[in-house]
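Two complexes come next, and they have one chain in common, chain A, joined by chain B in the first and chain C in the second.
What follows is the complex of A and B.
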């Protein structure tokens, strides 16, 4: 048993790191929108799917390589996310201070089902795959265990890291990024300083859903896509955001790593089909013992 | 055709029950529940497992067990998140319904997985003609709806219900007034979840077959739409809303079938889209529903000399 665990462990940790790195993008998107708009935007599910399909259209129908396809996987959900918030969710948040955010959360679930069905209407329920060059897996002999790594996995993880580095540079060093952090931190103080919260909110929806779209396509690159691709991943994305601390962007990255590795390690004791349940268990454990998550502020 | 109408009336009754359950949680106490279909599934599976797959309990015992088990599930979910902001409850309930579906799909030895459970008994099924069975079941659902409706009315107008509504309007003030807010929230959520599970159990015994793919998030949208269209906070609204939603859902079936050149998957997509869009429109343009909750307000006495 123990030798079996030691043999499996390096592979599971490497897989977990790759999954966590990819998962971090939609988790950042979800948590950034929460930080600025103060409500859980459940349309992450359909926007991840939308990103996966936008990338599919660019890659398979238009014949573009993966990286330019990812650009489309960012732009389409970004614009859709902005439009959805502007015309559907924002008016609902305004209806009343007490129940508005909850009405918006309910509407977001309805909206995600609506968008998912738009995708289903156009593309049908069939599984679709990207046009990818086939590589042989790299194999490493660690002495006590063998490690197999797919070049596509590595490429996905590198893309994700580059995008994340871009996000952090934007938030840390640009004027607009600082404005966004200011509004997330203290909206009224930011308002006094002359920051236009409306613009920042729009930017949050735009960039947040764009990141979710890129994450959706990266998830799809690993396997195949269908109209439920985003919905299947959404519980893990919530888990990453909650474990890291809802509203904290560094937290989303840490949370994604914890949940990604945790999901893979669960394979040692659980059946593979329960991987997503690990995310839910992580949510329950964190909310019971440390509701604000690893890096979050307060949860009540 | 007559059979079809009776079947639709049964479904309207079941959605009415679940909307009453949601009304206790959301309408009276102001707590969100995006995982209603999860509690419905817990109820349906509990009763089905106890009456056909793992034991042969009588139906009434299965239904009672289903009500209790889903109530307990609701209490646990609420207890974990009741101290936190509503956002967390939204995430946890949505996650709960997905996990229930996951467990139902994968615990093959326990739930028969994605093949579902068939041959769930129904009262007098097989002993009478299918049309008669439908009518008998409609009677049972109508009676259940009436009883739950009266209980919910009693709850709403009792001192207990007043505390719930006070929590909905301002839980800090309620807490300052000395009410154990956490306990009330947990109990209200458990009551609502129990009613939803009860309806789920009745659904299983009517349909004779349940499977994980029958418990998708769209069902939650139906229930929320029933309550919102009827009037959040009012029990009569929940029941009337459910009837309207079933009529609308079935109406779309005929309307969409008239559009030429659509594949089956596209027809389904258009119908689901219309239902989701209707909920958004109702929330936006008629959030108080058809039967708005009336607030008893007393006119300010004229004190000018």
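What follows is the complex of A and C.
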């Protein structure tokens, strides 16, 4: 039993790290929007799908390489996220301070179904794949276990880390980034200091959904895309954000790693079909012992 | 107001216009209500639209020939989304609001299993293309008919094929479905007849997007053949993972999982050599040839062939009974589908013979359409295909 665990462990951890790195991007987007707008914007599901399809159009129809395609996977969901918030969710959020966020969250669920069906209408139900060669994995002999790592996984993980580094640099060192953190931390104080909360809210939707879109495309690069790509990932993304601490961006990264690695390690003791439960068990454990999430809810 | 009045006038005009069509004029009674519940979206999405069109073809030919006993067929369609929850809501609407006497075309065993109790409790006939053994073992009192061979027949045929291919050590990667466990048990029972064995099975959650660890589990068992018992989205990911992991052994999956859509979405290197098997339509049948023309393809999928037959069976059973209820279909479907009557492959020809008081035995695009007492199809041919250069090549039909 023990030798069996030792043999499997390195591979499971590597798999978990890769899954976690990719999940971190949509989780950051989701949590950043929550930090500023104070409601869970469930349109992340359809915006992840939208990002995947925008990247598909750029990569397959326009013949662009992956990195420029990722730019489109950022821009299209970012603009859509901004428009959705501006015209649908914001008016609902403003109806009342107490029930507004709840109304907006419910409307976001409806909106995500609507957007998913718009994508379905345009692209159909077919599975689609990016124009990418599929490579055999690299194999490493660790002595006690074999490890295999896919070139595509490594590339995705690197892209994800670079984007995350960009986000952190933006939040830490730019004036706009600091404004966003200020509003997330204390909106009224930020208002007194002359920060325009409206602008910051728009930026949060724009950047947040853009990141979700990039995450959606990265998910698709490793697999295939269909109109449910984002929907399949949304529960794990939500779990990652809650586990890390809703509203905390480093928390989203930590949460994504915990959920990603946790889901893989669960295979040592559970059947693969129960893997989805791991995210929810993580939510229960964290909310029981540390209700504000692993890193609390500070924006940064 | 002018606009409203105009719109009403136009609507009224449109509503009345069919009355001026002479053949329809004869079919004026209360319409016969039939329902379709097909996977227009989700894993079955590639099949749903053509399954629906296959039903519409039958309905149109019945209606343009004057309906059944002067009554038109009115078709109500819902999307099962290949999702049991959505399918149950849709079935409730078909049964309670549209008051259909039959629901046709449920795809995916989880969907059919969820919808079945609503059907038999409301005395609505359910025609399905799902294969899980458990479906006809439900206490359905005759309200379920399926044109798809059950898992036992399908897996027995697969075992026979794998045995001939020389497969000895088989591992199963299965989506979580009502047939995952029973399929494994049947394969475990059948393989020893050909000197093979089942090494194990990993059941995965098909909502996931990454299956690396599941593939590792399969490879650790050192199989020579891997059976991918899932649906297109998850099998796509599994095939890619197997390729990356350096897998060069055999791979087999149901034809509804490895279809042309899948082959188009993956590089040929990844899919080459993958084998599929499926119940084959009766490609010699005139009904099959008419369906080719109707759907505009040389190769209608087996499910469209089956739903084409669902609609014909329902229409003929209603004509035989002279009543358009679920009970009438249940009581009469075997009387028009099997037995010593005159063989017919076209619905209007069957209606004409029935109207003349003759007995008929319908056989359609999907095959003979002969059923056991519990609703299973008696027999059907199978087709085995292999992927080569992103195309499926038929190995044999038997």
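In this section, the second predicted complex is superposed on the first by the 296 of 300 C-alpha atoms of A that agree within 3 Å, B and C clash if a C-alpha of one lies under 4 Å from a C-alpha of the other, contacts with A are read in each partner's own complex, and residues count from 1 in each chain.
One rule holds for everything that comes next: a residue touches a chain if its C-beta (ideal position, glycine included) is under 8 Å from a C-beta of that chain, and two chains touch if they have at least 3 such contacts.
Treat the numbers as computed from the prediction; the structure is a model and nothing was measured.
Engineer: Check chain A with both chain B and chain C modelled on it and let me know: fit or clash.
Structural biologist: clash
Engineer: Kindly classify A:161 by the partners it touches after superposition: chain B alone (first), chain C alone (second), both, or neither?
Structural biologist: neither
Engineer: Using the touch definition from the top, say if A:182 reaches chain B (first), chain C (second), both or neither.
Structural biologist: neither
Engineer: Applying the document's definition of touch, where does A:271 land relative to chain B and chain C: first, second, both, or neither?
Structural biologist: both
Engineer: Once the structures are superposed on A, label A:135 by its partner contacts, choosing first (chain B), second (chain C), both or neither.
Structural biologist: Touch partner of A:135: chain C, not chain B.
Engineer: Using the touch definition from the top, say if A:15 reaches chain B (first), chain C (second), both or neither.
Structural biologist: Touch status of A:15: second partner only.
Engineer: Tell me which partner A:64 touches in the superposition: chain B (first), chain C (second), both or neither.
Structural biologist: A:64 sits against neither chain B nor chain C.
Engineer: For A:120 in the superposed arrangement: first (chain B), second (chain C), both or neither?
Structural biologist: both
Engineer: Return first, second, both or neither, reflecting whether A:39 touches chain B, chain C, both chains, or no partner chain.
Structural biologist: A:39 contacts chain B only, not chain C.
Engineer: Of the stretches 111-119, 165-173, 183-191 or 219-227, which one in chain B hits chain C?
Structural biologist: It is 111-119; the other listed stretches have no clashes.
Engineer: Identify the residues of chain A that lie in both the chain B contact region and the chain C contact region.
Structural biologist: 120, 124-125, 271, 273-274, 276
Engineer: Enumerate the contact residues on chain A facing chain C in the complex.
Structural biologist: It is residues 8, 11-12, 15, 19, 120, 124-129, 133-137, 139, 148, 150, 152, 219, 222-224, 226-229, 232-233, 264, 267, 271-276 of chain A that touch chain C.
Engineer: Which residues of chain C touch chain A in their complex?
Structural biologist: It is residues 40-42, 45-46, 176, 202-205, 207-214, 216-217, 232-233, 236-237, 240, 243-246, 261-262, 264-267, 269-270 of chain C that touch chain A.
Engineer: Where on chain B does chain A make contact in their complex?
Structural biologist: Within the complex, chain B touches chain A at residues 30, 32, 34, 80-81, 83-88, 90-92, 94-96, 98-99, 102-103, 105-106, 169, 217-218, 220-221, 224, 263, 265-266, 268-270, 272-273, 276-277, 279-280, 283-284, 287.
Engineer: Help me check something: in the complex, which residues belonging to chain A touch chain B?
Structural biologist: The touching residues are 34, 39-40, 42, 88, 91-92, 95, 98-99, 101-103, 105-107, 109-111, 113-114, 117-118, 120-121, 124-125, 231, 234-235, 238-239, 242, 246, 271, 273-274, 276-277, 279-280, 283-284, 287-288, 291, 299-300.
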